[in-house]
Amino acid sequence: MSVLLGRDTRVLIQGLGREGSFHAARMKDYGTAVVGATKPGKGGTTQDGIPLFDTVAQAVAATGANASLIFVPAPGAADAMLEAIDAGVELVVTITEGIPVQDMLKVAAVLETSATTLIGPNCPGAITPGECKIGIMPAENFRPGGIGFVSRSGTLTYEIADLLSQAGLGQSTCIGIGGDPVIGLPTPDAVRLLNEDPATEAIVIVGEIGGSAEEHAAEYLRAQGKKPAVAFIAGRSAPPGKRMGHAGAIVSGNQGTAQSKVKAFEEAGIPVASAPSQIPRLVREALARR
Amino acid sequence: MKLHEYQAKQVLSRAGIPIPDGRLATSPEEAESAAKAIGAAVAVKAQVQVGGRGKAGGIKVTKTPAEAREAAKAILGMDLKGLRVDKVYVERAANVAAELYLGITLDRDRRRPVVMLSTVGGMDIEEVAASTPERIARGWPSPLLGLLPFAARALAFEARVPEPQRDAVVDIAQRLFAVYRSTDAMLVEINPLFVQKDGSVLAGDAKLDIDDNALFRQKELAALKEVSKDEEAEEKARALGFSYVQLDGDVGIIGNGAGLVMGTLDAVRNAGGRAANFLDVGGGAKEAVVKAALEIVLANQRVKSVLINIFGGITRGDEVAKGILAVTAQHPPRVPLVIRLSGTEAAAGRKLLEGAPLVSKETMDDAAREAVRLAAEGRVKAPATRVKR
Amino acid sequence: MKLHEYQAKQVLSRAGIPIPDGRLATSPEEAESAAKAIGAAVAVKAQVQVGGRGKAGGIKVTKTPAEAREAAKAILGMDLKGLRVDKVYVERAANVAAELYLGITLDRDRRRPVVMLSTVGGMDIEEVAASTPERIARGWPSPLLGLLPFAARALAFEARVPEPQRDAVVDIAQRLFAVYRSTDAMLVEINPLFVQKDGSVLAGDAKLDIDDNALFRQKELAALKEVSKDEEAEEKARALGFSYVQLDGDVGIIGNGAGLVMGTLDAVRNAGGRAANFLDVGGGAKEAVVKAALEIVLANQRVKSVLINIFGGITRGDEVAKGILAVTAQHPPRVPLVIRLSGTEAAAGRKLLEGAPLVSKETMDDAAREAVRLAAEGRVKAPATRVKR
Amino acid sequence: MSVLLGRDTRVLIQGLGREGSFHAARMKDYGTAVVGATKPGKGGTTQDGIPLFDTVAQAVAATGANASLIFVPAPGAADAMLEAIDAGVELVVTITEGIPVQDMLKVAAVLETSATTLIGPNCPGAITPGECKIGIMPAENFRPGGIGFVSRSGTLTYEIADLLSQAGLGQSTCIGIGGDPVIGLPTPDAVRLLNEDPATEAIVIVGEIGGSAEEHAAEYLRAQGKKPAVAFIAGRSAPPGKRMGHAGAIVSGNQGTAQSKVKAFEEAGIPVASAPSQIPRLVREALARR
């Protein structure tokens, strides 16, 4: 185990619909312990060999689940997260896209006084290659290794993981933190986890326009960084005021520009790739400079 | 989803926030009778969602109903920063002694709403923040508790709201916070918040931007949605289940995943070109979606080449190929297509595309360079298209 | 402040909770026409705030309007556990398949609301709690978050609400919690919550008890307040700014501070007597309040002696003495007074009372003993008064 | 200093009206450091020599106040408490009576995640005799000493403190926790403080009918009591269903009876006085038995 998830992680699925079932099967193929799922009213039965429960609390009590993966559609997703937090689930990963901001503000407020870590929403999930996958990422792009990888983007994560893996740079844990404006584990918090993780040798940060999470991560690494880091910012060519697919990817006035983020990383001595293809080389160079 | 001023003011008024007497008009005659009904000097205000309406001539203050008619005649049909004015709001002119600012939006870093109050009203709050940041008081209410009376009062003291208006402003701030929550707002703003010569306080302008993700439960507000011509393609894409944003370059873009598409846009810029759009087909797009996406991109007459960048995860390369073939099979595309297909079923996809009229590249960077090169060729070949714009 | 069933049901109905069709009637004729309008079998239900109305004959189910009239005739004017029935609620009779229980009240230990749901409905929940506690599901929602959907669902699963009713019960529970909050309820209860033979769910009875401390902001509900004869003295005391509760002994009590008065009641019992009332004049009571308090106590014809126990803090002994003198100066009190005056200005008070027709004691215990002794004497002297009751 | 308040306590008054002013003066006479008061709109001026502030945060910043005494009328009292909690005030004492329960539930929920201790509402306050008084109790009834005293009642507290003082049993800290059903420092928590307090030699608990706080305090002392304790329960002769002056003093069904409380204390080996006058003797006997 690197951070957040590993061999001891026991995963519950909330929302075992078409998408949930498909990915639960892929996760089991990968060796992830999928110990149960919630389907209100179906408690006591099974689906695809997965035991079903009426509530998260019952599922946790019966299975010892310490993580939950949420596919519940947007209108009920916040309630699903609050249920998992209430049941004391340590790690909650929310794939669902399109959750209202006010719902996430409520979830974030409850998170503050809980012991739960939330990844997402609107994210691909997280993977500790070779040990545990909680999410929808194609596992074949990831290899075990020492690169801790944080990303606000989904497909770009797969692309860059593939580039890293092909370059022989395996990953300790990859965390797809999600593309929404309010997320459970913002870039600086995810970076902090990897910075403190003994299994992580170098950190790759994939940010995008919108917000100032990358600036804060850069500040943190400038002050307390223990290992080399490389960054990439997507959306450098995006015009202000336009939402680029992700609800959180928007430049508002002079806030959230790629320029500001690139500058912050550069001032922290962290090289910024101008294309994903440059990342493996920059990581190698950074590791060599140590 | 942004509301018009008159719509936003109606929402505020229902929440007990004082607004000037006003009526909507879509013709000079309606404006005249609105002014008559109000029975005082009125402001005739263009209802378009752009900043700086006043400076651009979209607001006129008039003394008589006849003047209001003339003002409406001048404003209706006007082009304000690319948007045609087709309604005006006729509103009793305030007797302004001072202008405040009051707004609530999301503070992403704190994961809380931020309430901003300033006695520097009537100008862009970002300018105030840049020039005199100490003049803006900020508070971050807990979303579970709302804007508590003590916190609203503290803001008024910090912003140095004059004593005679303090209670009214504190009350309006709490009501505005209730609006922020009950309407699922991303932004709600009263700028300026007028202090009239008689000491009363009322909303001079109002902005209300609703979270698109919450429209499913904001049915009444969602019904107010108007799609401008500029946004038609974006709306059409949304209806088809993917995400499209029109940009001003000539390399059409299709990809899967917002980050990858942003990265593709950047790769095009790295190669010296400019993207014509952002288009994310989403995860697991099937043939039909890819076909529709390609049609929307090609419908943009500025487009000189199209770059399709797919990193298959849930999305399968063969489905993408089928979608492309469904378009190219009918008739050869009007501009060259460049594709980079990687990940799940990429080989199958590439096999299906053999012989199709397109260029296939191994990497995103190579594909971007090729698409940019082809777009440049297209510009040379067809300069007429550019002139037509 | 407790609401009548018909008032509580109206509140629930406005919150979207299904209730049977019903109408209020204050005469047999009104009951008949109500039954006619409903056009089905009806229940005629006494509107008095006591438990076990049904067993006591306060509810009759009737098939025809004529029967409804007869039932109303029997119930109106009835004495139910000391309360006279002056209105009945005529309600469409439910087609009952099962009875559930749903209630929300305060859990003082957890400092949270507690929501209780059980499939054992229609009987006193305390009895269910005593006999089959495992049949009651309980949840403690955060007052900041309310009853979240998942928590309401969990309750329904725990209580084993049958599947066909589960969604309806979950919905009603959430609505009932909204009522609990918006009405400042101390208790809101639907018992029974009917499951009808067609599977529908609706409120068979409803209790709503509003926090007296919140009546200042529950104006609409506060306006429904009715004072029963029993409570008239208590209401009068409240209006005068002190707290009075009628009890069934014969030693009248006046003191300052709720705890001290309770302690005084206990001291009377320790001395073998029974207090006629609880009366706390509050902190810093002035002459007029003390006078009014003494008058209210003396107005209770059961009272055979009065014990005044004041430990002066903010309350001053001289003010208390003046209040007593204001009553005794007019005419000698009809029963003996015992006073124990201690603390602030106690000496001054005692001096003022010199020569007044009362007994002064040093300690609370002595004063209680004396008051009990005097009351016993009074009973012997005036047995007629006892017989009159 | 015994518990909660002592020589280092710096008190702010919220609500300097007639009652507030009167008691602020008495507190100053007693030697309590009354360092400021809030009066929105009057910030920068003084009243009776007490500096006034617009907000609690300003007052705390300017005076270093670490305690606050609230006289704000019931409709605004919860807001006043939340303001003090928000400003990080360590000890908040609320005298106000008649606060709606739902307001107190909100305050209690916020308290859970704060470092503030709330005494009250509907209470006389607390006093560490000879050091600091925060409240409305007549100070002359209290003497310094070793008896920790917790009471749900006001006047009864003065009466019993007077009896203790006259018997030569001075008090470490007396805490009038308040007569409402929802209070900041319920009996068990107050008892715990005194049980852990080195300056307290014995504990006197004055309870009353309603709720089950006394039962929980008895359970706690049975398991973890370090020093002798004596209890008194007011309202043994009160009939069920009748509210005895205090909003919290009510027997509901079989809940909150004096019998249950007396039984709990007796089972914990704690003598229960049947009249306040017995308390000094019982305390002496309990101390002698040690």
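Residue numbering begins at 1 within each chain, and the chains themselves are lettered A, B, C and D in the order written.
Note that in this section a contact is a pair of C-beta atoms (placed from the backbone, for glycine too) under 8 Å apart; a residue touches a chain by one contact, two chains touch by 3 or more.
Worth saying up front: this structure is predicted, and the values here are computed from it rather than measured.
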item	value
Neighbouring chains common to chain A and chain D, by label	B, C
Furthest chain, CA centroid comparison against chain A	C
Selected interface, B-D versus A-B, where C-beta contact pairs are more numerous	A-B
Where chain A and chain B are represented by their mean Cα positions, the distance between them in whole Å	28
Centre distance in Å when chain A and chain C are each reduced to the mean of their C-alpha atoms	56
Chain B, residues touching no fewer than two other chains	144-145
Chain A residues counted as touching two or more neighbouring chains	106, 110
Chain B residues within the chain A interface of the complex	106, 108-109, 111-113, 126, 130, 142-144, 181, 184, 186, 211-214, 216-217, 243, 245, 247-248, 255-263, 265-270, 274-275, 278, 280, 283, 311-314, 342-344, 363-365
Residue ranges of chain D touching chain C (in the complex, touch as defined)	74-75, 98-106, 108-110, 124, 136-138, 141, 151-159, 162, 179, 181-182, 186, 206, 208-213, 216, 232, 234-239, 242-249, 253-254, 274-277
Contact set on chain B toward chain C in their complex	144-145
Chain D residues touching chain B - in the complex, by the definition given at the top	40-41, 43, 54-58, 76, 79-80, 82-83, 86, 106, 110
Parts of chain B lying in touch with chain D, wherever the complex brings them together	145, 148-151, 153-154, 157, 163, 166
